[in-house]
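Single-structure report; data block below.
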Amino acid sequence: MSVIEARFGARDAKLSGAVEMIHGAGGRATAELIRTLFRRHLDNPLLAQGNDQAAFAVEAGRMVMTTDAHVIAPLFFPGGDIGSLAVHGTINDVAMAGARPLYLSAAFVLEEGFPLADLDRIVASMAAASRAAGVPIVTGDTKVVEKGKGDGVFITTTGIGVVPEGVEISGDRARPGDVVLLSGSIGDHGIAVLSKRENLTFETEILSDSAALHTLVAEMVAAVPGIRVLRDPTRGGLGATLNEIAQQSRVGIRLEEAAIPIKPDVSAACELLGLDPLYIANEGKLIAIAPPDKAQLLLAAMRAHPLARDAAIIGEATQDPHAFVQMRTRFGGNRMVDWLAGDPLPRIC
Amino acid sequence: MKFVDEFRDQALAMGLAAAIAREAVPARRYSIMEFCGGHTHAIFRYGVHDLMPENVGFVHGPGCPVCVLPIGRIDNALELAEEHGVILCSYGDMLRVPASKRRSLLKAKAEGADVRMVYSVDDALRIARGNPSREVVFFAIGFETTTPPTAVALRTAKAEGLKNFSVFCNHVLTPAALNHLLTAAGLDVDAFIGPSHVSSVIGSRPYEYFTETFHRPVVIAGFEPLDVMQAALMAIRQLNEGRAEVENQYIRVVTRDGNRKARTIVDEVFERREGFEWRGLGAVPDSALRIRDSYAAFDAEKRFSIVTRSAPDAKSCECAEILRGAKKPVDCKLFGKGCTPDSPVGSCMVSSEGACAAYWTYGRFRQEAA
Amino acid sequence: MCLAIPAEIVSVNEAADTAIVALGPVRKEISIALIENAKPGEFVLVHVGYALHKVSPDEAARTLAMMREAGLDAEFAEFGEAAR
Amino acid sequence: MSVIEARFGARDAKLSGAVEMIHGAGGRATAELIRTLFRRHLDNPLLAQGNDQAAFAVEAGRMVMTTDAHVIAPLFFPGGDIGSLAVHGTINDVAMAGARPLYLSAAFVLEEGFPLADLDRIVASMAAASRAAGVPIVTGDTKVVEKGKGDGVFITTTGIGVVPEGVEISGDRARPGDVVLLSGSIGDHGIAVLSKRENLTFETEILSDSAALHTLVAEMVAAVPGIRVLRDPTRGGLGATLNEIAQQSRVGIRLEEAAIPIKPDVSAACELLGLDPLYIANEGKLIAIAPPDKAQLLLAAMRAHPLARDAAIIGEATQDPHAFVQMRTRFGGNRMVDWLAGDPLPRIC
Amino acid sequence: MKFVDEFRDQALAMGLAAAIAREAVPARRYSIMEFCGGHTHAIFRYGVHDLMPENVGFVHGPGCPVCVLPIGRIDNALELAEEHGVILCSYGDMLRVPASKRRSLLKAKAEGADVRMVYSVDDALRIARGNPSREVVFFAIGFETTTPPTAVALRTAKAEGLKNFSVFCNHVLTPAALNHLLTAAGLDVDAFIGPSHVSSVIGSRPYEYFTETFHRPVVIAGFEPLDVMQAALMAIRQLNEGRAEVENQYIRVVTRDGNRKARTIVDEVFERREGFEWRGLGAVPDSALRIRDSYAAFDAEKRFSIVTRSAPDAKSCECAEILRGAKKPVDCKLFGKGCTPDSPVGSCMVSSEGACAAYWTYGRFRQEAA
Amino acid sequence: MCLAIPAEIVSVNEAADTAIVALGPVRKEISIALIENAKPGEFVLVHVGYALHKVSPDEAARTLAMMREAGLDAEFAEFGEAAR
């Protein structure tokens, strides 16, 4: 048994400890943390090479690259954790270009004192999410900051993917008359996370919707290659995301409140907390905007996929120099759906 | 959700809209002030405007506890957090309200002050129990609805002998504000939609004085959009019939006497202040509460020798006018220019119950379309 | 901040003067220090973690009935006018 | 003037403030921070599209991907700042595969209360570094954590690049007899950073060596396509990096202390602090390992580049089942150069 | 660097190596104990072994202040940081030394205790001035070299009237330890290389007693590798000539009387403890200092009522044997197995002046090659 | 921790009992509370931020000379032996 194994080989010994500054020093402790925790879970030939970068073959074509830092609190929530979230979130941002995700990288900022057992659980969850999605994590980095200079763990994932020939999806391509589709109920992720916040005390059985949407996107793109816009309404929820698209495309958007799927738990929790579900984060939902003549075809393709059974047409793009997002309320009146003001819910993703 | 969804029903809304349209006499204008920000919020969020005839207009009143707190008191809260180094606990919206010198509790927090948003005064108690070596101050604001919970918390603190908990009391009284509005010159309002939750505590009786004295209808109404519409209809009927009575639309919660137990607890802990400054209304006599001497140990004003200086509102901000129904948000030249919910100049742009915020967030398209 | 919401009492903890309330599928513990004789099945108005008052189902039904009536009246009236 | 411009357009107004939680909420404030600070500096057509991912054309071949989180303290140091460091560090990890860097992503974790003026300065520095290197930052992300849950700003950069045909560089390719080259003096970065640490009080004029090494690598690869290993001795310094390579390649490494370039400032500061310069971080240096018959050719190619004027042959790979790194001291004795033990210098990169 | 680089010169090293090789009588073994960890470190870091003949061996002594501090005292430091919530300031290596229950100051820090590494006691003073509402304790360790700075700091604190600063004193005395080693049975050492920096303060005179009493040469030597070699040569010559004297190799700094001013300051602030436990040596009479009553207000032991319990060393750790020269690091069965600098079991594997750490970090290849 | 290093005094601040010392190109402020009559140009042994003692250039030179001598002696001896 080598020295290294004496220290790290035994699962119990490792998992009982905590992150120390030395784990970030770039010496043997760093190398061993990588070997015995990260590589053990994320096991794949590219990562196993142990270089500071991963090398792989690519074919000619259009490629996409995206990155997201994850700073969610709490780290573990019903339906997921920061690890699975970091994998899903970045796969989704790749997929939102209509692309097929190829590889991920992951960079960790660990706070001194963070339990190694929790890190182990998080990395195992990333590994499971990455395997389930078929998108390996091929390179990574780990840094450690002093106690009180971080918050357990932050994970930045970056993803690359390839865009199928003929697909051109971008937030600036919505046109007046286009139809806005949503893949399912809103607010599940945010409410699931909030329900575990220390200072909020309510109980619900809602689970985060955190999921990798690339297989859904693949089928949508196959059915309607002319999809104009795809976007996952994460931070800022449906409201912020539609405003982004409206501004990028310089169109208005008109929603039908009654058409927007929302679960009773989410409605109730929002009433309780004074929140508007339109601004609650989602991590397994997408917005699609397509030409009107393709809307039904796209809707059918979506509903055929398990992650979009409740897909719905929720509105349409309009001509509007103000690029306002408006909504006909269930009540029969009209309101704006502005950007989120203030920040009642920090650290949701 | 029971007792919620029913009161947001579209079919009933159409019916009420038709009734109002039929009963509002075309030749006359109905100017109805909704006292509470809760009503304002419902009107904008559900688009109640779209169901009302042209000649029935809503005027937004001063019933937003965040909006009416004068800058000097927020400066005091900042002083507690920054100079006295206390853990300052506050309801959410309060954090973003601009104080003197472009400061706010949120900015103080960003700079390291220990300011915490709580959902209930009980959270502040919990924080005090969990941090025995720190002073914890609950920044208490609100009308007669938040006052009873603060009173309960003070009784709990006293019973437990909590040494590090105190309350910076800014509770204000609805009837005094209404009185002030009605006695002031130039109020162009025909009828009032009265508070819902406030009335669940104080009952409908306190408004009887106003209808008798000032001869304007008061209809106490719930905060759901159908409640507001029905109350409007009731007010229009009173006006059409020349009546000026206290009517209760919110019978499912409000009684003539309100919640006697809550009122008793409040009386044990609080007493009236001689006067208190309201943003928009100025000094209003008998309009606020202070902590009684028997609870002096828990009074942050005493514990930290707080002196409130009157501080001017931001220049050009029309909150004062808006809060007494004299102007509308769009009349302010900063509205949507220098002042938005992201970067508010006045308090009315902060609270979700503030008229400027409601108008900007939900109703802006009306202006642009016009 | 003037947010208040009707919720159903699920259970009462007399010792602590608290209750678990249900708002649809969501549950929350609140204080019932401000009300008297709270019983499971009753509805209360919840505000900053406290029950402020009970909600009367009968009066709620009466209110909805009045709304419905106002609508019907209007319809009738319109019908009447149209018929006139 | 739009509302947005009223708030953010005036440079002064923006720079006088601090990061607030709302900047991370995904609403208008986030969008405006991105538009008026990040996009203004990092200006390029891919980023300007405003999507959650960047799309670009690639040619067929071998590609590399690498990521690094940067948590350095202090954020500004002689010769650079966290922004330029984050650009250089990731370009270098791409280059260490012999690859030509194509694009970068950048993800920011900001601490509530962090001065926007500092952020502006950092992003401007990233932009300058990225422009100078010809490697644009094409996509990014920004999160905000509460005061006391972060440390000003953490930046994770990810890079991709293409490997020229015929180049195969990896940490496991060193062979006994291979020659170890170093591109210049060691320890400059670490000592420059340490000299600005609050709790250390010494004065030196040393500057960080932070630099992008891809043009140097391009010339090295052109001269000697058969380079076996390239690696930048960053965290853990020369000592840790050589141990990594030794373990990956399962060779020993024997160094000649007298051959290792080191500046007087670095020597002196190390004496003062009781540090070994072999373990001090570098951010503009590289180690190359090449077959012995190509060593002089490679050395000449290195010395011809301004970033490797002081390049030197510092040792050789040996047969050693223990994969020890050993050194003949200037004094005439022998010692091991083990991994760094303990962590006297956290947060150096 | 002047007075540094010259004493690391390879040509001179070769010359000294040749001289030693010539003068060391092949038939006999020379066992030389370097008292100080500083010497140990130099020997390993510069590879002095490679320049010495086979029959001249170095035995590592107890002169490593981190290594000799018993676990009970580190437990006390942990208690100060964790239970009393002080800001505990310490020299770097101390943070990683294992205490009872696999704890260390570094682990306490990782769990949130406020433990800070300082380079000088003056940093601790600065921290105390900057945190008037916190208790700041300087965890003072070391031989006669670190003692005078601690004494100066205590005088400064008293002069300033610093209310929140105190010292947890663990300063120990070299001569007492040397005495203990020499009186113990079975010490297989022919000569001593005596402390350099310690002697700059106490001078060479205190060693005269030992050479007279125990008839073993003592050569006071600097910490540069040439110093160590020259001292070895001087010791070999004494042994060859049958002399046992105090010789001073480190004449550029050490005099017979040392630094009188420093000694006076130390005497003003500190007094001898009757006994003190050393790791490896056990209780050694008159071997440590305590803070005088006139500085009692700054004595953390008094202020926090510290009681030191004797705690056992880690099982199988041979530090005790190693510190008294009875064993070598490689004789410990944990060396390089359970115990490495990354994950030390005993204190000798922590400090860069610890024999196990030096051997592991710089000299491991010798063992593997053997 | 027993680290100590010779450095040259660059300037003295009598009031504060401190000095700036130079170690090659690096400068550092240290306390001179433990020594007497420190003057610019003199060398001191710096330890945990304090000058512990002055360093004598003459004695240093003498030490180096002795080392050189020992080496020369050994060389001569070897030469002698070889010649024998």
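For clarity, chains are labelled A, B, C, D, E and F in written order, and residue numbers in each chain start from 1.
Operating definition for what follows: contacts are C-beta pairs under 8 Å (C-beta built on N, C-alpha and C of every residue); 3 or more make two chains touch, one makes a residue touch a chain.
Everything numeric in this text was worked out from a predicted model, so none of it was measured.
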| item | value |
| --- | --- |
| Intersection of contact partners for subunit B and subunit F | D |
| Number of steps on the shortest touching-chain route linking subunit A and subunit B | 1 |
| Label of the chain whose CA centroid is most distant from the centroid of subunit F | C |
| Interface ranked first by C-beta contact pairs | A-D |
| Longest centre-to-centre distance from subunit D, chain (CA-based) | C |
| Subunit E and subunit F, separation of their C-alpha mean positions in angstrom | 21 |
| Subunit A and subunit C, separation of their C-alpha mean positions in angstrom | 38 |
| CA centroid of subunit C to CA centroid of subunit E, Å | 76 |
| Subunit C: positions in contact with at least two other chains | 3, 5, 23-24 |
| Per-residue overlap in subunit D, given as positions that touch at least 2 other chains | 20-22, 27-28, 148, 264, 267-268, 271, 274, 339, 341-342 |
| Residue numbers of subunit E (touch at least two other chains) | 1, 4, 14, 92-93, 119, 123, 340, 342 |
| Chains touching one another, given as label pairs in label order | A-B, A-C, A-D, A-E, B-C, B-D, D-E, D-F, E-F |
| Contacting residues of subunit B [partner subunit D, same complex] | 106-107, 109-112, 336-338, 340, 342-343 |
| Subunit F - residues contacting subunit E, complex | 1-6, 8, 23-24, 31, 33-36, 43, 45, 47-50, 52-57, 59-60, 62-64, 66-68, 70-75, 77-78 |
| Of subunit A, residues touching subunit E in the complex | 1, 3, 6-7, 18-22, 27-29, 32, 112-113, 147-148 |
| Touch list for subunit B against partner subunit A, complex | 1, 4, 8-10, 13-14, 17, 44-51, 92-93, 96, 116-119, 123, 225, 340-342, 350, 352, 357, 360-365, 368 |
| Residues on subunit A engaged by subunit B in the complex (per definition of touch) | 199-200, 264, 267-268, 271, 273-274, 322, 324, 326, 328-336, 338-339, 341-342, 344 |
